[in-house]
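Right, I'll just put the structure down here and ask away after.
In this document, chain identifiers A, B, C, D, E and F correspond to the written order of the chains, with residue numbering beginning at 1 in each.
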């Protein structure tokens, strides 16, 4: 039975649970996942993604493709915030533009694992080292965002303080979610190198449980996203348009970079999804601390209320067909 | 080694953990499972029950037995509250009678899964579609309870408000636990129809983990139930009697309906347990909102403090022997 | 590839996650595992340790070694607090000395399971009944500590109250973590005796998940321990020295007792680790209630800030080489 | 400046916040997971998972006139579902 | 009308509530998971899992005479285990 | 004796506590997981997991002179990140 890839994506449990969560808000059900339970799942997912990624990287070793791909990933996370900033400056001040742009330069780990699940269900291969790209794309966008504030903000920035380079690096590298992902990746790598039996013993926790935990977390994300949506309306149509246009635009650049890198379709999709997704964990937490002038509802509502659902439900299959169309074209 | 079925039921891990929890209260241990951890397990159990139930229903299809059984289940959840109401009116006002009666018409999902575990340990087969009966019996009892209040309450109901039909339907269908169970059932059904590989990937979470999570939750339920018990004493002997008599009475009606439906012993037990169990999730939450005149300690202490432990520890094996006695009798 | 046993221990996932947690504090990352999530893992670990231990005890039966080992374990948990008390009295009053000494007489379940993981990675056999020793060593140390206060404290103990024997027994046996471990052990034992299919159904929860949950909990313990460390500095060098010397001293006595008992190397290591580890769950909770005169920062910072990390990272491999050196010596 | 303390079942939180917003209070703070006992019922933490909910404690710092504006609505909400409301003096730092 | 604020280790919650009930207070509210520092010790959230427990913040709205009735018992509890108690004015809405 | 109520983002908790400690307050109590709305932004519980954090409610019982000592520092912290601070009267039990 051949079905439309968008429909097929929607009928996967993680997406269905996401929709269930969103619909519960629409219908004013009192379904609630109280704090700090969502934190448990978000910590778990970061730990498991990092750990499994570290193992994969150790196993696959540093092939020819690894270095160019990781470099391109970092480059994208530096360039995208600059483009985003230029676009957003039409409507917003420096602070809000930089904060929103940083979020779109960074990545969403849950969008990434949704893309992995999509690839698995389509039986398309991809490489473990792509988690390395995920891990490396979180911080640079934060750094660019903060540098934009540092240099583009009015000299008499009224509330200015703590904007030293050390503070910028601290926020971008030691942010709780960045730190957990990176360090779990290192743990996975070390375990795979020196203690392979440890991998097996972790497998039920980080491996088998993963898909179900992803579903549970997406149920909550559906609730949270649907609660953000009305606030987005207040933010105005420019921002709503941006939250859809920017991921598509980034995907478009991403797919050409992927082609240039000669990535296979699986890796290409993951690369594109990293470009297209926006951060709602690391970046907002960092911006809240360092750029209090920016309205958090702007960068949260766009990334979480619109871009995230768009990517999860429609984006991934769209990007897949983009990859299938662009990548096989005759060489550039 | 042949042992008494009640003892055999008591020696299963879920029941033992329930008893451990209850005993800890008796001995004033400071063992505590702080909020919102119990909520995590209750959400998990509802999600997993629904998901697995949806898969089973899709697999087994709509056999001859399905429709009559589900109809009978709904019927029971409409009739039981009426009977309960008439009995309770001897002692209580309309508000309390309706609220308590609604709880007994509805079901307890954890009692249901305890019965499933019991059947598995006895190697007695049962059908997955019985989860459909579970899901369908939650709401009607709430509706009956609220209609009883609407029509039987004194015309000058002092605090009356929000008692429109739409509010009644909202409370009965969009209550968090009803909604999660029903929608997870739909997710399971859709996954089984269109995405069978998703079932396998969910299995470690919704399947393998289930029994252990059930034990952990029952540990907490033991604590909670034992803390309710002293309050029940305050509620008086009529209510104490009701909390034991009503499940037995409902089981008795249930077993004859099961026989009329020609259910096998496994399905029959589950049907009887649905009739005999009382709700402590969906109904109390709905009544608290819509019938604030009723004392929540009445409907919580009876269902959670007495009926639930009774069913878990003694009821299930008693109902099993009832099923084994009544069902094989010559046709009615 | 032969590597140093300390390094090999450090490169196991649980220890790596512990270090990650500790380093996050050092670098002032905002990584946080909010309450009550650590409680979830601590409850889970106690339940699983007890349950599996009960099964093992039932399976192995009461061999020749069991009774002498368990008796020696209890003896050690009575003697160690007395020695500790005498040492601590050089510097501290009766209340603080008794409370700290009790902590060192009691045990740390997580240190124990780390030692088990170490043995498994080294493929050294050990017996399930050692969990019995774990369970039996928690309470006696508390009792000794409280008796020391009762009899050694100044007669005009200003805040004295509730120091009846019944209160002492209550605190030592019905303490939440002692109770959960002991009662889960009984559940495991009963399940193994009468309901072996229950073991299989629990296995994914209590067995397969265990290692991953241990890692997650150790991540939190790393954070907590590193936050305690600076407070230890305030407590002075005597206490810092005590927190390293005492476990080594107890390990030394323990290894000779183990040799006297003719324990194999696996059981011997576990026995030594029980002697060397100090309690940060049961004892502090009990002391907080019954000896409020003692400063909780003393008994918490030593056990959790120094002794626990020391044992996890360095202690276990050191004790292993101690066992390997002393045990094979010609008979005493 | 006044301080208004409201304590009631968290199930009624939306209704109370709507009342506060309608009166244009400058802000409010909500602390959930409160438990307690009132003349009408006992609210315990261990029942939170059932959906019965615990209490919410809401604090509003505002001018007296805003309180006068909200008084009837709040009393109405609290009389239906239970809960308490108290006013005290407060000075901005 | 008075407002009584009690802050102390949640391990003593049962004892304090018994004192309140004995004085027949009309009600009380409990907020757990409070942390803090007093003259005697620091209470942090990250130690909650150990069973040491965090603090509880108890609020009681009642008449002055009830407070006078409870004063000695409460002081007794708090002097043994630590904690603070303060009274302020409050007017029902 | 005074009671000082501070409500602000829990991300700034360390800074505020440093200010309190520098003024040598006799103690303080922290209640986290508070949510709310101020003139500047809405803080909701469901965003806690993102690391944005909820609010903290800090209570300090101390003498007026200590408050005067801390006033500038606290105002500084709160003006940068948002938050409110109010003083009221309190009498020890």
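Rule of thumb we're sticking to: a contact is a pair of C-beta atoms (placed from the backbone, for glycine too) under 8 Å apart; a residue touches a chain by one contact, two chains touch by 3 or more.
The chain lineup, named per UniProt: D, E, F = Nitrogen regulatory protein P-II.
Predicted model only: the values in this text are computed from it and were never measured.
A.B. asks: By label order, what chains touch chain A and chain D together?
C.D. replies: Touches both chain A and chain D: B, F.
A.B. asks: Moving only from a chain to one it touches, give the least number of moves from chain A to chain E.
C.D. replies: 2
A.B. asks: Looking at chain pairs A-C and D-F, which one is connected by more C-beta pairs in contact?
C.D. replies: Taking the two pairs in turn, the one with more contacts turns out to be A-C.
A.B. asks: Using Cα averages as centroids, what's the distance between chain C and chain F in whole Å?
C.D. replies: 38
A.B. asks: Round to the nearest whole Å and give the separation of the Cα centres of chain C and chain D.
C.D. replies: 46
A.B. asks: If you average the Cα atoms of chain A and of chain F to get two centres, how far apart are those centres in Å?
C.D. replies: 34
A.B. asks: Could you pull out the residues of chain A that touch at least 2 other chains?
C.D. replies: Residues 30, 34-36, 39-40, 175-176, 204, 208-209, 285 of chain A touch two or more partner chains.
A.B. asks: Considering chain F alone, which of its residues make contact with at least two other chains?
C.D. replies: Expected reply: 31, 33, 45, 48, 51, 88-89.
A.B. asks: Name, in rising order, each residue of chain E that touches chain C in their complex.
C.D. replies: Counting only chain E, the residues touching chain C are 9, 11, 33, 41-42, 44-54, 79-82.
A.B. asks: Show which residues of chain B lie in contact with chain D when the two form their complex.
C.D. replies: Residues of chain B touching chain D: 34-36, 38-39, 42, 159, 161, 175-177, 220, 223-224, 227, 280-282, 284-285, 288-289, 292, 295-297, 300, 304.
A.B. asks: Per the contact definition, I'd like the list of chain F residues that touch chain D in the complex.
C.D. replies: Its residues touching chain D are 4-5, 7, 31, 33-39, 45, 55, 57, 67, 71, 74-75, 84-89.
A.B. asks: Given the complex with chain A, which residues does chain C contribute to the contact?
C.D. replies: Residue positions touching the partner: 1, 3, 8, 11-13, 16-17, 20, 23-24, 27-37, 40, 117, 120-121, 204, 208-209, 211-213, 215-216, 219.
A.B. asks: Within their complex, state which residues of chain C touch chain B.
C.D. replies: It comes out as residues 35-36, 39-40, 43-44, 47, 51, 170, 174-176, 179-180, 183-184, 186-187, 190-191, 194-195, 197-198, 201-202, 204-206, 208-209, 285.
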